[in-house]
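The letters A, B, C and D name the chains in turn, as written, and every chain counts its residues from 1.
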Amino acid sequence: MSGNTFGKLFTVTTFGESHGPALGAIVDGCPPGLALSEAELQRDLDRRRPGTSRHTTQRREPDQVRILSGVFEGVTTGTAIGLLIENTDQRSKDYSEIKDRFRPAHADYTYHHKYGLRDYRGGGRSSARETAMRVAAGAIAKQYLATQGIRVRGYMSQLGPLEIDFKSWAAVDDNAFFCPDPERVPELEAFMDRLRRDQDSVGAKITVVAEGLPPGLGEPVFDRLDADLAHGLMSINAVKGVEIGDGFAAVASRGSEHRDEMTPEGFLSNHAGGVLGGISSGQPLIAHLALKPTSSITIPGRSIDVRGNPVEVITKGRHDPCVGIRATPIAEAMMALTLMDHLLRHRAQNPDVHVDTPMLR
Amino acid sequence: MSGNTFGKLFTVTTFGESHGPALGAIVDGCPPGLALSEAELQRDLDRRRPGTSRHTTQRREPDQVRILSGVFEGVTTGTAIGLLIENTDQRSKDYSEIKDRFRPAHADYTYHHKYGLRDYRGGGRSSARETAMRVAAGAIAKQYLATQGIRVRGYMSQLGPLEIDFKSWAAVDDNAFFCPDPERVPELEAFMDRLRRDQDSVGAKITVVAEGLPPGLGEPVFDRLDADLAHGLMSINAVKGVEIGDGFAAVASRGSEHRDEMTPEGFLSNHAGGVLGGISSGQPLIAHLALKPTSSITIPGRSIDVRGNPVEVITKGRHDPCVGIRATPIAEAMMALTLMDHLLRHRAQNPDVHVDTPMLR
Amino acid sequence: MSGNTFGKLFTVTTFGESHGPALGAIVDGCPPGLALSEAELQRDLDRRRPGTSRHTTQRREPDQVRILSGVFEGVTTGTAIGLLIENTDQRSKDYSEIKDRFRPAHADYTYHHKYGLRDYRGGGRSSARETAMRVAAGAIAKQYLATQGIRVRGYMSQLGPLEIDFKSWAAVDDNAFFCPDPERVPELEAFMDRLRRDQDSVGAKITVVAEGLPPGLGEPVFDRLDADLAHGLMSINAVKGVEIGDGFAAVASRGSEHRDEMTPEGFLSNHAGGVLGGISSGQPLIAHLALKPTSSITIPGRSIDVRGNPVEVITKGRHDPCVGIRATPIAEAMMALTLMDHLLRHRAQNPDVHVDTPMLR
Amino acid sequence: MSGNTFGKLFTVTTFGESHGPALGAIVDGCPPGLALSEAELQRDLDRRRPGTSRHTTQRREPDQVRILSGVFEGVTTGTAIGLLIENTDQRSKDYSEIKDRFRPAHADYTYHHKYGLRDYRGGGRSSARETAMRVAAGAIAKQYLATQGIRVRGYMSQLGPLEIDFKSWAAVDDNAFFCPDPERVPELEAFMDRLRRDQDSVGAKITVVAEGLPPGLGEPVFDRLDADLAHGLMSINAVKGVEIGDGFAAVASRGSEHRDEMTPEGFLSNHAGGVLGGISSGQPLIAHLALKPTSSITIPGRSIDVRGNPVEVITKGRHDPCVGIRATPIAEAMMALTLMDHLLRHRAQNPDVHVDTPMLR
């Protein structure tokens, strides 16, 4: 299998460079009969779009998605769904200086060594723009999951050093940060303004939650639900860590504290984050991801050029001072795609299973 | 693809329950001509074996591995390699009480809901014993990687609340903890003795490192090296978090601090942990994993039985008070398997690549 | 994916050389709750076993299969099923002459060039014995298909130049040829006796039929049911051609004759062989396969050795003068495995489909 | 894995219906550094285009392909290649009658039962137009194979009852039939004219040949080169049979006649068709495919509608009276894609293999 495909039954294959004519994807394995339209996909794409606040990239990206196949008379046919987004704003000239230089902490150096050449315009294939197709494909998954009572939502739980407690889902879509506490927003904005003046950047932590899951999703021993989810989240540009439930806090926990006991009324806690033995328990599936600070900053950095000579590099152009600010819809998309794939996989093997044991939530 | 296979070109498919007659695996895609013998696999298995210290499980597991195919006159033939370990010590009677009960925080409840039935003896397929085959397969990968100058090693970097700094690789194999600092060992032993008296358990953090990697391994955008590695590590029983390089510490970092600058003499730091844009940079590949405290403890816990009635459960039998103590060889194996798979994948697509740019370390 | 795995959801991975200690397989993706025992698998293996008549190999192969995992209290658990057959009769010394020579029209030459070395004992991995595991795995598939009302059976439709018309299924298992017409058996036996005296061999044609299929199996556009079936059948040693329904006879047909018209009472013919647009129609699925004459004959043949010098080769040892005589159970197994895989794939994507249109047979 | 992807390392994923806005594909795994342009792809597409003779469909299909990613400054970058063909001529109104009826021997009935609904316009996803993307992707494969000295070409070897002997490759591209003997062309044209007057259709046999192959391609035991090739060819619309080398003629052959003996000067024959034990021998790879007569004819046929009532169906619109006439480029494409995939797979596992044994041709 090639690296541009995610999933085994519900698959997404993407293509497209940040400065090429278009981005596209093929989504295969979608069940037939699902109501689907471009408007639904566009909604999720718009959540992700830069230019919605002064804290994100000023590159204008209309990102209008077209559905080219797999939908007829408003519902999916079960055949492959082709998606396309034409690139309308590219401004190649911003990048001509970078042709022979490796921007420090970017993928330039590694792509060069892997392929022997690289598309040096912007981030090429390593650009964050390629995530637009993940969000579009994830929107299809979300639509179907919704018909099964499953809901996937995320929020920013930390911006740089500022930890953010969850207050409400309603707050999340009301600000550019996907911050779940409206009272923290001015503080976050002030922090970002100072950062921009420093010409620097910072990381972020995102929390994604899926509710309404049935128990039973996950394919031990290697394709555990949490393992596939970790794969999907770690594949997002700039992610350096993934946790399920308590994550690294579990290291110092005692077994007597960490375990989620069960009663007829339900689970008493959710340290596990919704996964037991690699299979969903029915509890909310909770994951956290750590995004590193972007390396596209205007503070000069030391690097080398393609001949090995030392150079100084300033990444001009239009950048996100905190890529984490845009990551929430992408993380939701990867969780939705993972769940969709596992829903179909579980169905394939276990249609005859009838369980009398009551299901806990 | 089924859940019992890991990898795409260098694949491992495993089978076997903790209380079944045998564990086995098929390793496919191994290049021909690699010197291989059962002794090499046995060495890695013995590192993992319980009973080597008073801090790990008292279940006796000789774990003698046989190579049944794919090796002729001492070298691999390029055909599928069959591995088998017969189970000699099972003691079913320890588990008969558990037939209709779900041990809290074990996979009993989720396996029951997924399959409608479960092998209740011990952990069945969810048992930690299944990792024996991962270690055996990982040993084959390690052998081949060694011929390419690549070395994979791990150590315990935290036991419960006790953080352990790295001192030397030589220390790691000299104690039962895989602790890289001999002076800390008495403290760890005392801690474990207290834990056993408390009838409780604790988590651990393991660090795994690969050195000697070429740049260029990884298949963007979804099968990034770090994404596949996260998948492999998260698939290990009890793992709740995975970090690459700085991991969650990157959240509060500044871009100007986090980025690893380059000079003709080499990289100036390794916050990235050896991966840039999902591709290896040639720097050491560094990952950390968080293991939760085992839920198999003798302190009673509240749970339900298969009819939904409340019960109290004590998990008798022989258990590891800290599964993390045995995890280091397993984590090394998963990293070796991931690297092996990516080495073959990179070769497949990029044999004609000649890069004049000097490679940094 | 490696070459030793067949299927995508219901997968079989095999290992084992004809002169190694054992053959084995892992079957993954089997639904839980299927009644399964070694006796059922053994029954199909015994049908395939040489030594049951004077027309097949005299090598004694007890072929006792063991189920090592995935079955508990007589039913499948949904986890990976490990199968093992120990090799008890190998007689290496028959093959020592062949170490440096390539037997003409065997895989020796090609394996040598692919891997740079080969296990020269018998056929190594290219031996027909490896099909024992296919039959064992196919038996599991047949068991499950039977619970869905699907039945897979095959017969010999041509032996060398002798074309055999179908008379009855009852006849098929009553002779060593899987011949569906008892009156032809003496003629076939006489033909084979003459062949053995000539020290030569001949080919065969096998016909396999699946009945009771639902319409809807197959995954266009590439994983059509007939395409996957052709893959499975062509992967059998010695197969040189595969037909579905009318096969090559369709070339000279007219559209008005070939098409299978439909009435409320059912289809009026089955030229298509049960597949339309790559999807099962509900009619019997009919495939034919052509097996070449075995090249393991005692008539000397010209060849070269590993240094490129001309040699004459006589393949001594015990051989089948017509490998096609044993192929029927293997062809049935490959059809069963293909159908099983497609049944699960169809289920994964189409559980919500309710079709009011009556189904034709 | 979904049904719209072909290949494992060099993969093609396609989408698009005959009456949708566009057809597209993503080709992944292409080595970097290959010179590629839209002109090269267009050339192969033009060979396939209807309207080039009075014997093929009169539907006008400009089929202009665009490369949307994966190529930079005239060479492939190693990242995913997106291809797009906008549909410009669809004429939906030809098909409105067919909404509730199943055209006999078309995929209407099976798609309806599989998905519960279907895009009834033209052939939808089951249309022969979807093969345009196969040809475009195959053109990329052909380009790369050419750099390795491998050439793939095909021709029509039988039209209905008329068997055609091979005379020259030069002749093949000089007529609309891909007929390798210019002297037969008037006869074929007359035959087709009569067929059109009869309002009927006929089948065809195509022969595809690959020359310049190295020995060693193929991945036993399931992904043999011939098995994967059979899969690819059988996945072409209307194919009912596949042969390698002598194919079904091998059934009546003797082993002493069929085997291809070897001398230091080379093989003495090629009954095997270039494959031994599932691996290429270095000899020309020869495959034949049987195409059924198209069922889209104007002679009325009996069928049923979606409620199960008997109806009479005439498929109006513009059709190919012999789909085989257009199949040659598609068969070449599938062979090229299969070889490309196997070339990469062989490279992945066997880079260290040095074989001193001379290679025969």
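Heads up, the rule we're going with is that a residue touches a chain if its C-beta (ideal position, glycine included) is under 8 Å from a C-beta of that chain, and two chains touch if they have at least 3 such contacts.
Since we're looking at a predicted model, the values are computed, not measured.
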item	value
Neighbouring chains shared between chain B and chain C, ordered by label	A, D
Comparison of B-D and C-D (more C-beta pairs in contact)	C-D
Matching chain pair for A-B (criterion: over half of the contact pairs shared, by residue number), options B-C, A-D or C-D	C-D
Distance from the mean Cα position of chain D to that of chain A, given in whole angstrom	38
Inter-chain centre distance, chain B versus chain D - centres from mean C-alpha coordinates, in Å	45
CA centroid of chain C to CA centroid of chain D, Å	26
Residues of chain D engaged with two or more neighbouring chains	1-5, 8-9, 14, 29, 32-33, 78-79, 114-116, 125, 220, 345, 350, 352-353
Arrangement of touching chains [line / ring / star / complete / other]	complete
Residue ranges of chain C touching chain A (in the complex, touch as defined)	1, 8-9, 29-33, 78-79, 220, 344-345, 347-353
Residue ranges of chain D in contact with chain C within the complex	1-6, 8, 14, 102, 104-107, 109-116, 125-126, 130, 158, 160-161, 200-205, 214-224, 226-235, 237, 239-248, 250-256, 258-264, 268, 271-273, 276-282, 290-297, 299, 301-304, 306-310, 345-346, 350, 352-360
In the complex, chain C residues that touch chain B	1-5, 8-9, 11, 13-17, 20-26, 28-29, 32-33, 66, 68-70, 72, 75, 77-82, 84, 114-119, 124-125
